[in-house]
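First chain A sits with chain B, and in the next complex the same chain sits with chain C.
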Partner chain A sequence: MKIAVLSGKGGTGKTLVSVNLAAVADKGGYFDCDVEEPNGHLFLKPSLIGEEEVTSLKPVVDMDRCDGCKVCVTACVYKALAYIPGELMIFDEICHACGLCTYLCPQQALKETKRVIGTIRRGGRGSLSVHTGKMRIGESTGVPIIKKLLKKLDDDLSIIDSPPGSGCLVLETIEHADYCLLVAEPTMFGAQNLALVHELTRVMNKPAGVLLNKVEDGLNPSELYAKEHDLKILASLPYDSYAALESSNAELLVERSEKYRTFFLELLKEVVDEATLAAQR
Partner chain B sequence: MIIAIPAEEKSLDSVISVNFGRSPYFCIYDTEKQQSTFIDNEAAGRPGGAGVEAAQNLVNQKIDTLVAFRLGDHAAKVLSGAKIKVLKAVNLSIADNIAKVLSHSLEELNEVHPGGINKG
Partner chain C sequence: MKQLLLLSGKGGTGKTTVATCLIQLSQAKAYADCDVDAPNLHLVLGTFENHSTKPYYDLPKAVIDPDLCTECGLCHQVCRFDAITRNPYQVIPHLCEGCTYCAHVCPSEAITLEETVAGTIELHTRSDETFSTATLKMGSGTTGLLVTEVKKQIKDKAKFAILDGSPGIGCPVIASLTGVDLALMVAEPSLSGISDLQRVIQSARQLHVPACVIVNKSDVNEELTGRIRRYCNEEAIPFLGTIPYDKEAIAAINSGQSLIERGGPASEAIRAIHHKVMKELEAL
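On to the complex of A and B.
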């Protein structure tokens, strides 16, 4: 069972939920796809088993061959190229390594060259494997990193800690998931973000449920949204200072208190049951 | 000399567009002919790389000088590589800024901001 944990923005407690779920599961794998700022390992503290680089093929130009026809400049959909008299400029941070320019150049002046865009670390914590992807600062896309990271998905149980937002990195993680757990905050803004990611899961045709986080007394726009849109509420995690304190010290809730251990064990069971049900539908 | 200025509308009475790469039009002013033309900025709607494309189009127009409020670092690199001078606009009036280029009273635009990168 592969479960993606999602939220429309950072800071909703997505990582907190992911790492605690992974820790109570104590099997399968935890995959940190928040490649710009992966921090799940800070909580899980895995032993390092291996590290590999992720490369992508970016063009380099041989100016002796280039005649300035600008075929590549016009063709590049990401506009990573510019030609000024005597020089072809290549903006690596904009380039998505699609290879089109090299393919099209009539003078064979371009050549694809391997460049490191990030790293993947794989480690362990008891019976749980911990996988972390990290993108180099300034790179245009983390998609190749996530693709490589998720090659080792465990069919038995995988918790995928998705990047925040609703961009193409998020789509990449949803694509690999059997079930999406959406983490939502109890504010108007939180409900808007919830609506965005919920829409994504619908477009991608993935079953989803919501965890209401930081719940306090009073109106919860995210809860209202879920009820109005037939989105199953799996659990509510109350906002209490204890939780905030624990998470800020990079400690696992489930290790410190039986109460949270029970909560996350139940949540895990609920999610797996829901995902199994959805798979049978 | 040929001057380019990002413009909100296709008119000398319109105002300067503050965002270089996403400016809807460019005013191209030829100081010898004392003529202005307006070109569409095809890069305006781009999620990323708009600055690079807009700069490339201006290089293709063979301009010598750009007047703008702000510029991304990628676009700045393309323009400076093509030896195009970038001057800092002093107010929103296109006509006024052209006059100020001619009287050499504009300063060079030195600060650039990180270019918009298409994340994803």
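On to the complex of A and C.
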């Protein structure tokens, strides 16, 4: 069972929900796909088992061979190459590593070498494995890191902590999920972005349910959205200054409070049941 | 034109709420929502008189003509993005990054590149104010290019512009940082928030954009607020103030009202921060 936790809007509680679900499950794997700003490991404090670099390819030029024909410059749709007399400039951070320039070069002046774009740390916490991807600062895309990170998905139980937004990184994380748990805030902003990710799960044909987080008295636009759009509300968590303080210190609520332990055990069961039902349909 | 960009690294720290207040307090005539992945600024700016929209085209994506395809498999072999399936040979549009490698190797010229609409760029105006925003179509990538388009629309429309950024440090953030004068980092007093703040500050440094910091919901964890203040002092980053947790902020968003008009402790704190931010900008 592979469960992706998403929200569209940032800061709604994806990581809080993901790490507490993973901690009560005490099996399977937790995968932090927010490779730009990974935080799950701060809560789960895993013992480090292994670290590997994630590399991408980049073209390098042999100026003794380059005759300045500019075939590569013209062909690159990302504009990652520029030629000034005597020098071919290659902009690594813009390069998508597609390999076209190297293939096309009539002088075979380009070849590809590896370049580090991030790291993956794999660790453990009891019977739970903890996988964290981290992008090097200045890189434009973490997609290859997520791809590599998710190669170790555990079919039994995987909690996939997604990045915010609804762009390419999020698509990559949902791709592998059996079920999407959406975490929403009780604001118009929360509802607006909930609608975006809900739409995304529909486009990708993934079953989904919502957890309403930081609920306060009064209007909850996210709740209204869910009710109007046939999106199942799995649970509601009221705003709690105790939980806010504990979580700001990267403490696991399920370890600090029996109430939260019960809540997350029930949520885990509910999510797994929902995902199982959806798989049968 | 001087441009102020709001960033945070971590999501949900209050970028949009602070941006809205600063737009109002500074009477900015040009502003933009660079969070094209999850835009929200349009929800709290009231109504505009004139609207114009134009389609945003992604890089053209590969399309395989089944009548011409001989199923040789070369396109599948060369594609680095796993965007081409076999049996039948087809392109998965959301995985295709438009590099054109497949079209170059196809011996039967079965692959063409077709422009796809990936979103909408919007421009809203009222009297002398210009607001630029965009929406990305589901399943599209290349958000960085769209951010650049959003910024172009307000270029030189006024002497001063406010840009609301996106969380993270990837391509949309890099695109939003490029060419701005000052980045205002809205931090949160949590260990997660501090880690994210440090990474986004390093991103700004790489692009030579000066940064300053404020802490929102500072009273949720005073100890960590103190830690952020000390970090800023050590790194010589101007620390411009704190905003307390205030339920009025949520009420303001949900009623479409301005937090400044509603008043309260958060509103007061943002007023003080506004003066300091403008001073920082003037000093540049």
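Annotations for the structure displayed:
The definition used in the following text is that the second predicted complex is superposed on the first by the 281 of 281 C-alpha atoms of A that agree within 3 Å, B and C clash if a C-alpha of one lies under 4 Å from a C-alpha of the other, contacts with A are read in each partner's own complex, and residues count from 1 in each chain.
Heads up, the rule we're going with is that a contact is a pair of C-beta atoms (placed from the backbone, for glycine too) under 8 Å apart; a residue touches a chain by one contact, two chains touch by 3 or more.
Quick caveat: nothing in here was measured; it's all calculated off a predicted structure.
Look at A:141: by the touch rule set out above, it reaches both chain B and chain C. Look at A:153: by the touch rule set out above, it reaches neither chain B nor chain C. When both complexes are overlaid on chain A, the residue A:167 reaches chain B and chain C alike.
With both structures placed on the common chain, the touch criterion links A:71 to neither chain B nor chain C.
Of the two partner chains placed by the overlay, only chain B lies in contact with A:91; chain C stays clear of it. In the superposed model, A:9 lies in contact with chain C only, and not with chain B.
Comparing chain B with chain C, more residues of chain A are touched by C. Look at A:196: by the touch rule set out above, it reaches chain C but stays clear of chain B. Of the two partner chains placed by the overlay, neither chain B nor chain C lies in contact with A:233. Once the two complexes are overlaid on the shared chain, A:265 sits clear of chain B and of chain C alike. Comparing the two complexes, residues 78, 93, 138, 140-141, 167-169 of chain A contact chain B in one case and chain C in the other. Only residues 8-12, 15, 34, 36-37, 39, 42, 75, 77-78, 93, 96-100, 103-104, 135, 137-142, 163-171, 185-189, 192-193, 196, 199-200, 203-204, 216, 218-219, 221, 241, 244-245, 247-250 of chain A touch chain C when the two sit together in their complex. Chain A makes touch with chain B in their complex at residues 73, 76, 78-85, 87, 89, 91, 93-94, 138, 140-141, 143, 167-169.
Listing the residues of chain B that touch chain A in their complex gives 43, 46, 48-50, 52-53, 55-56, 59, 74, 77-78, 81-82, 115, 117-120. By the touch rule above, chain C contacts chain A in their complex via residues 8-13, 16, 35, 37-38, 40, 43-44, 59, 78, 80-81, 94, 97-101, 104-105, 136, 138-144, 166-174, 188-193, 195-196, 199-200, 202-203, 206, 220-221, 224, 247, 250-251, 253-254, 256.
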